[in-house]
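What follows is subunit A paired twice: with subunit B in the first complex and subunit C in the second.
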Partner chain A sequence: MSFLNIENVNKHYFDVEVLKSINIEINKGDFLVLVGPSGCGKSTLLNMIAGLDEISGGDISIDGQSMAGVHPSKRDIAMVFQSYALYPNMSVAKNISFGLEMRKVPKVERDKAVQKVAKMLQMEQLLDRKPSQLSGGQRQRVAMGRALVREPRVFLFDEPLSNLDAKLRVDMRTEIKQLHQRLGATIVYVTHDQIEAMTLATKIAVMNAGIVQQFGSPEEIYDNPVNTFVAGFMGSPSMNLIQAKVCKVEDKLCFEVATADQDRPLLLPIERDQQALVSYLNRNVTLGLRPETITDPGSANRSEGQIHEADLMVKVTEPTGADMFVVTQLGGTEVVARMRSRCGALAGQSCRFAFDVSRNLAFDGDTGDRIQ
Partner chain B sequence: MQQNIARDKASTVSESRNDKLIGYLQQHLPKLVLAPSFAVILMFVYGFILWTVYLSFSASKMLPNYTWVGLEQWSRLWNTLTWQISLQNLFIFSVLYIGLCIVIGLSLAILLDQKIRLEGGLRTLYLYPMALSFIVTGTAWKWFLNPGLGLERTMHEWGFVDFKFDWLINSDMAIYTVVIAGVWQASGFIMAMFLAGLRGIDNEILKAAQIDGAPAWKIYTRIIIPQLGPVFLSAFVVLLHLAIKSFDLVIALTGGGPGNATSLPATFMYSYSFTRNQIGVGASSAVFMLMIIASIMVPYIYSEIKGGKK
Partner chain C sequence: MSASSQDNALRSGIAWRVLIYSVLIVTAVIYLAPLFVMLVTSLKSLEEIRMGNMMALPLQITFEPWLKAWGSACLGLDCNGISGYFWNSLKITVPAVAIGTLLGAFNGYVLTKWRFRGHQWVFGMMLFACFIPFQIVLLPMSQVLGWLGLANTTSGLVLVHVVYGLGFTTLFFRNFYEAFPDELIRASVMDGAGFFTIFGRILLPNSGPIIVVTVIWQFTNIWNDFLFGASFASGDTAPITVALNNLVNSSTGVKEYNVHMAAAITAALPTLLVYVVAGRYFVRGLMAGSVKG
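Our next item is the complex of A and B:
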């Protein structure tokens, strides 16, 4: 039995459809991340779970109980907002205990709960300050404390880290993950950052234009994206999506990809989804190659993958320290390969690339849907 | 050849002098343009303030007379019964005027904030009185409150023969009619100020309060109104200086009467300076009003400037 059940939910503002038949189910203790570009309806969906926005159609239930017509304060949820939404006129302690006070929890218990949460988030020395006297990271902590103190059934986070600087964001991400593991809480978390989604989630719903494009575990989403949107959105650097043609060479199905040298296209043997791809023979498809599946021959994973090597012209190299991203031209677009930092690739020269063809994905050239 | 070089040198020198002049002009043009108006303000505002201060220590009667008499005019001012009544009236008027305007303005703003339809129309409706001059407001209310013409007569005609509302001509109550007219005029404006303040509050804070389980009235009393501190302060300062300067409203509504029952410092100052030939007393009352306003405005402006810098 699923704990949070979003069934066929629709939302429209007047004529504008913002969400279209959303279906998501998660279990108790799951960490669901709603990820997608800005404006795709993530906040709207989260607000509907909270009861802050009305549902135009469908139903949301928590623990088997329909939430239709239930006031936000009666849903046993807590929410952390992007702007933190602290009450500026109240001290940190008051901010944290306000929800308990409204629920008529006696003062002694309130104080105890505030102390406990302050200790958990290491902010005991901040309790008497006003929000305006706190740094961004500290405000973030207070906002989390306000959610934690209530010990709700479901935590809702709306882009809680997007106003923090890069370093703090990574630290808080780790902290949120630890909190989730320690408390075993059920969390719905909205972000537009796919790295946050991958690191935190036990379940991801990738959204675009008001539709859930794919719902699954981070591994499923990463390894088996259902369309080019999901494939391109998840992963950093993002997946190379290039034009290719399915052809037959000596009785073997291959992707034929144009290279910088017009007379010598690259032929990559098809090892995956062969049956489905037979019907695409001599047709154009979109080929998806993750940067980490294209390497230098020395670091290719020969025990697990199936390696196909080819010499290609290097356009640009981008050393990051740990790795080197090597850019070449394939199928009319730039393709990023992830090589060892000392692989010797030089811009303007030819270099040997190793393709792990067992991990290549193919998408319909017109619809962008996965062929499998 | 040598001459040529010398001439070249001379021309570059004069060119660079020209450049200097243009540079000087560019740097100082704004100051030059502003100088005349600055001089005029210096003279007609601050100069006359100083002149009035001097007059309040002089023997001026019908015409300015620069004989120094020290505090004589001031002591005469404080011994004048009308001045004492004026101050008492000012106190009653400003407390009620400011209090009622803020209470009514805030209540209207909260009601309008409930996302009701026709909000745009209603907001304009409430703002209209502020567009009227005080003279028009005063005259309209004079007719409306006049027992022989307005409300009382209408009620009599409708059959409520015992209805009595004669505050306008009752010297104990007349000051309250000034309050009514003043509040009617300014509360729409104060509402607009509060409405802007309410709209400025972060929507997510209200959502958080809803999730925290605060009922609507508690969201207002515990979270929204405490955040409106700056609006309260601005409203207070605006209303207070309107109250102290109130002149035309009283002149149009009651003319300061019956007797001197609705006299205010501003009407007192006018009548002593210009109709009763007591310029010295009038000047000292004017200086006293300036002192009250300054004691409120100076700290306010100072804190605004300091806040702006931060």
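Our next item is the complex of A and C:
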């Protein structure tokens, strides 16, 4: 039985519908990440789980118990806010123990709990300080401590890392993941950063325009996106989505993609979802190619994939150190390929590209839904 | 060349400075002159005042006028000085400031953090109170005070000042709390704090600057009020502003300018004190709450 159950939840402010029939179920110990662009309703959903926003329709239950009409403080959940929301007038220790004090936990136990959490997050030396005397990372830690000390059934995180600088963000991300593994806690985490979603989650719900576009494990979301939105949102650099036509060459189904050279289109054999694609013969579809499926011939994975090679004109090269992103023109848009840093590709010259056609995805040209 | 131009820049910088400071000093002198006259006059004997030079320092410093103003000057027939009225003013001002500030904070809290339908209208109407001239409320207010049985009492004046000040205090606190992060309120709700606990433990302790602004504003207004004091209190319950007027207008005997000046300075001292003690927070608070002064 699922631990946190979001059933048919709706939310509208007057006439504006912000969430439409949301259905999400997760088990105890799951790390659910709600990810989507700003304004997609993910924070609203989190606030509704917390009880800070009212639900217009549907129900949210935790551990089989409906949360309808239950006050936020009685739901046994704790929340970490984007701005940390530390009480400026209280010391770190007071900040952490305030929730316990409100629940009338005796002082001795409170102090013990604070010490335990401070030790776990390695901030014993900070307990007497005021929030204004802390760095961003330390404030983040205190905000987490405030949630941890209550030992709640569910933790809610509202974009907790978005105010930190890049390096600290990566460190804290690792720390949150370790915390999750150590405590086995159930976590709902909101972010607009798809890398955070991929690295942290056991379950991801990709949201857009008030609708859950896809709900599943990170691998499912990444490898089998259900539409172009999910495909384009997850992954960095994002998936190449290009215009292509399904055609038949010597009895074999192919994607025909326009190249810079108008007389010589690129033909990529279709190795996947063939049956579904037969009905799209001679029609336009959107072809999805992840950058890492386009490589230089030397680093192509021939044992697992099916490689199709072609010569194409290089527009730009972007070396990152470990890899080199090579940009070419396909189907009227720029396409990024991920090659080794010493593959020898030069801007303005022709280069040999290796396509792993077993990982190509096709989407309906009109609706954007996956064809499979 | 560069050295000489730098020299020039330096010299013109100094010239500017001299000019700016002279203007500032002259303005300050003009501004402070009346206070200076009051102070030296209050320290002179009547004979010395009659010698004529207002600006002259006292030949012989005497505190006699101060003592007389405080304890034995005559206001009409009553010759007990202004001390009783000084305490009256304190008894009116301190509770009125405290209650007004607290209510304003509370209003601001509800109007920003517990929004209800039509909250803008309620606030708009309270703002209206800031624009109502004193004179308009005189008659209705005296009617209400009569109904409540508070006419001619200190509590009556406290009520008047609380009500009249509420528009301002609410405005100050609402604007301050508008900028107060909602996430803090949400966090405390999740921590299990109730309506009043959030107000008392989270909001109020973080309202230092705006409390100072409101207290200074209210204190100066209420302490300096003459119209309400003259209208709603008479005789023994009058505030010091009214007493000062009575003292100066007592037409028996000679005009004791030194006593009058001493009494006037005494009447102004508390507001001065409040500014000196809390003034530096005043500007800071005005900026913080983006409140118009």
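In this section, the second predicted complex is superposed on the first by the 372 of 372 C-alpha atoms of A that agree within 3 Å, B and C clash if a C-alpha of one lies under 4 Å from a C-alpha of the other, contacts with A are read in each partner's own complex, and residues count from 1 in each chain.
Rule of thumb we're sticking to: a contact is a pair of C-beta atoms (placed from the backbone, for glycine too) under 8 Å apart; a residue touches a chain by one contact, two chains touch by 3 or more.
It should be emphasised that the depicted structure is a prediction, and the values quoted were computed from it without experimental measurement.
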> When the two structures are superposed on subunit A, do subunit B and subunit C clash or fit side by side?
Replying inline: clash
>> In the overlaid three-chain picture, which partner chain does A:Ile176 touch, first (subunit B) or second (subunit C), both, or neither?
In response: neither
> Can A:Leu330 be said to touch subunit B (first), subunit C (second), both, or neither?
Replying inline: neither
> After superposition on the shared chain, which partner residues are touched by A:Val285: those of subunit B (first), subunit C (second), both, or neither?
Replying inline: neither
> Counting only touches as set out at the top, which of subunit B and subunit C does A:Leu52 meet: first, second, both, neither?
Replying inline: both
> Considering each complex separately, which residues of subunit A are in contact with subunit B in the first and with subunit C in the second?
Replying inline: 47, 50, 52, 72-73, 77-79, 81-83, 85, 87-89, 98-99, 102-103, 146
> Can you name the residues of subunit C that touch subunit A in the complex?
Replying inline: 181, 183-184, 186-193, 197, 201-202, 205-206
>> Quick check: in the complex, which residue numbers of subunit A touch subunit B?
In response: 47, 50, 52, 71-74, 77-79, 81-83, 85-89, 98-99, 102-103, 146
>> Residue numbers of subunit B touching subunit A in their complex, please.
In response: 202, 204-205, 207-214, 218, 222-223, 226-227
>> Touching residues of subunit A toward subunit C in the complex: what are they?
In response: 47, 50, 52, 72-73, 77-79, 81-83, 85, 87-89, 98-99, 102-103, 146
